[in-house]
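One structure is given below, encoded as structure tokens.
Labels run A, B, C and D following the written order; every chain starts at residue 1.
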Amino acid sequence: MINKIVEDTRQAIQGIKSGDTVLIGGFGDAGVPFKLIEAILRTDVCDLTIVSNNAGTYKRGIEALLLAGKLRKIICSYPRSSGATAIVELWKNRQVVLEVIPQGTLTERIRAGGAGLGGFYTPVGVNTLIAKGKEVRVIDGKEYLLEKPIRGDIALLKANKADRYGNLVYNKSARNFNPIMATAADIVVVEVNEIVELGKLDPESIITPGIFIDRVVLGGQK
Amino acid sequence: MKYLPLTERQIAWRAAQDVSDGTYVNLGIGIPTLIANYVPEDREVIYHSENGILGMGPEPMPGEEDPDLINAGKFFVTILKGGCFFDSSLSFVMIRGGHLDLVFLGAFQVSEKGDIANWTTGDERTIPSVGGAIDLAVGCEDVRVLMRHTTKTGEPKIVKECTYPLTAKKVVKRIYTDLAVIDVTEKGMIVREIINGYDFDKLKSVTAADLILDENWKYLIVPEI
Amino acid sequence: MINKIVEDTRQAIQGIKSGDTVLIGGFGDAGVPFKLIEAILRTDVCDLTIVSNNAGTYKRGIEALLLAGKLRKIICSYPRSSGATAIVELWKNRQVVLEVIPQGTLTERIRAGGAGLGGFYTPVGVNTLIAKGKEVRVIDGKEYLLEKPIRGDIALLKANKADRYGNLVYNKSARNFNPIMATAADIVVVEVNEIVELGKLDPESIITPGIFIDRVVLGGQK
Amino acid sequence: MKYLPLTERQIAWRAAQDVSDGTYVNLGIGIPTLIANYVPEDREVIYHSENGILGMGPEPMPGEEDPDLINAGKFFVTILKGGCFFDSSLSFVMIRGGHLDLVFLGAFQVSEKGDIANWTTGDERTIPSVGGAIDLAVGCEDVRVLMRHTTKTGEPKIVKECTYPLTAKKVVKRIYTDLAVIDVTEKGMIVREIINGYDFDKLKSVTAADLILDENWKYLIVPEI
């Protein structure tokens, strides 16, 4: 019998190890798996690379990981936010490596990682600092940059509801990066607001099919 | 003659008049966000938010905020009838694939050729943050900029060549400032509207790019808001 | 007011012209916009290139277009099917150009066309006839083919329900190529089983947001 | 000694025994499709259909066919509890991205190194049709082939090098035929099971590749079906 539901967040993140690349869902605070991130704080793993849209705020989520000294690198599109102080300080003091990627390129690189592609050509970033060190190629008269896939050792996601197969639905704009990150890591873990019986999710409306999910844990209401 | 530069709300009001019925629009963070308040009510406009919303509505009533329903600036919003949610991947298919009709952005600088610099000053002390800025500038056929005509210290923001790191080349079609409305065309920058009490010569003195005065130029008139 | 609903299939396909590339949704008979295809038969356009998963069967759909002599070329993954006779005959007699593409590469090329990408690297087809004439590139030790985007002048889709904004939901496996084709053509037209009031489709469950759709026409029940 | 080659159903039965609980499986068109009938009932297996179904169930009862619910072979199917629908793009993200646990395919030929030829004979008179064959062969870590050991005219289908146009190189892990079960390994092709009444020498005589007999080889025993 397939049952991806685990008892607690400690079991949920099992297998995470120092040096790992961790994909973390969310945009702002919406769709961030705060409980799973807290579980990392209770382990001794460190030297992590985080891939996420933002870099945490107000000492919670990714900012808590930064403050706990667990991160080597952050790959994101928008670290600057009101309430984002740790990343600014650590970046200034060169205590964390920061890689800033256009948001659409970030989504597409993660998708490529999950889709088994070797890379893609995007017009985004041509003639900018983003192009530094990247191959520029003219295709049908237009310039593009070659961008490579991103994959994680583990992905930490947040969804609204799950069943025991790991089928997921999200809530409003808390969907954001979660569905693509679900496809692009060796271990994919999701924190949900609610676990429902198999068959309760409409087959037409499941956003992330369970095939992408390894473990589901109840995270408590948002 | 005395003149009153437009307020940010007035710049947004002016831009809003150009949003026609039935368009799909993305409003960048900053002054552009204000546009939604001033689009004439008889026009049905669908707002896109790059974190995965189409049909975004105004901010919610106090007490009705939903932490899962925010815009790209991380402020609480609502969703209108006919709106929908999707993931970041599909959101940027919309943006980069040219599916939006109109994108309004803020900018540090815009060049004569329509180059835009709006994501980083390149300042070593300011953390770079790009978000969806480049995708939005590159993806849409009709990118418009809302900004003050000059910096706080009076430096022109409309320039021959951007000195700040570029966001994208040759993308800006129209600029709304607190002094004028200017189109970026093949022939150069054409001034369509200037605020009352100001004139073309004065405008040239605060602009570091060549300007052409449209022979049918008009006063840039906005309501008090 | 936004109202993408048109009265009949003739209006729906307006703008189609000889020489166009036409994306047509469907897999087998499921999700094929038969009424829209029939509307093409009633015009004098010809010399079309069709992009679709199959090449029609039993004198209906794409096969009807073939029999009417309207097609110059078919780009598909699987022309051979029981009931597919026209494509076999015309191909043997070199009366139609056939380009066969692996199904996942077909979906991805259409998606790239809709997503503004210049191309992508896929491992599918390396060391096969598919690789003929294509750039092979080693990325991180693995071989990939460069594949280019596909776009249509017009896309003809089938969905289950639509509202006046063009928001769409599909029915079961009739979804298939329709959602990606919706992103990748200059004019995008959809034939639906039912038109519903604005607000009746759940914002969490809309599969194709109306932004991609130009026209909606009621096609009659499947 | 007399021997009875397995029927197609028996080949499928044998393959089905290797489908463990909780796996996500794609069954190619032809003999592989039959596997679903023979997976032991205590195992929960999720079938993927490349036209956009996970949790595909058996064919519907007469009169309950839904033209919108078909499998990749265009036959009517059903969906089981916990199943879902998605578009072709996400379906091939699953396939090419390595998300399926097991893929069973038919084949014209399999080579010693695990190369597979199953999509075209290269015959000028047969219309080429690839479908998802290459994606399936390339995307999954565990690709297994079900086929008759020889062609109708007795030619070996397990060969040193494929003579038909390749589908993919070095992907097949195990082959189920009407005579044997053979693993494709780094060391070569290892025969794990042979049908009763047949032997290794006979097997070699109908195989055009080098075979190694597993020292723990067993009889390939299947029920009558």
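Just so we're on the same page, contacts are C-beta pairs under 8 Å (C-beta built on N, C-alpha and C of every residue); 3 or more make two chains touch, one makes a residue touch a chain.
No experiment lies behind these values; they were computed from the predicted model shown.
Counted as hops between touching chains, the shortest connection from chain B to chain D is 2. Centroid distances from chain A, each centroid being the mean of CA atoms, peak for D. In terms of C-beta pairs in contact, C-D outnumbers the other of C-D and B-C.
Rounded to whole angstrom units, the spacing between the C-alpha centres of chain C and chain D is 30.
With centres taken as mean Cα positions, chain D sits 35 Å from chain A. Centroids of chain A and chain C (each the mean of its C-alpha atoms) stand 32 Å apart. In chain C, the positions touching at least two other chains are 108, 111, 115-117, 122-123, 170-172, 203-204, 207. Residue numbers of chain B whose C-beta contacts span two or more other chains: 79, 85-86, 92, 96, 138-139. Touching pairs of chains, sorted by label, consist of A-B, A-C, A-D, B-C, C-D.
Every residue of chain A that touches chain D in the complex is listed here, in rising order: 1-2, 111, 114-117, 163-165, 167, 183-184, 198-199, 201, 203-204, 206, 209-212.
Of all residues in chain D, those touching chain A in their complex are 21-22, 24, 44, 46, 48, 54-55, 79, 81-86, 90, 92-94, 96-100, 138-139. Touching chain B in their complex are the following residues of chain A: 27-31, 53, 77-82, 87-88, 91-92, 98, 100-105, 107-108, 110-111, 122-130, 170-180, 207, 222.
Those residues of chain A whose C-beta lies close enough to touch chain C in the complex are 108, 112, 115-123, 137, 139-140, 142, 144, 148, 169-172, 202-205, 207. On the chain B side of its complex with chain A, the touching residues are 49-53, 66-72, 74, 79, 85-89, 91-92, 95-96, 120, 122, 125-135, 138-139, 165-169.
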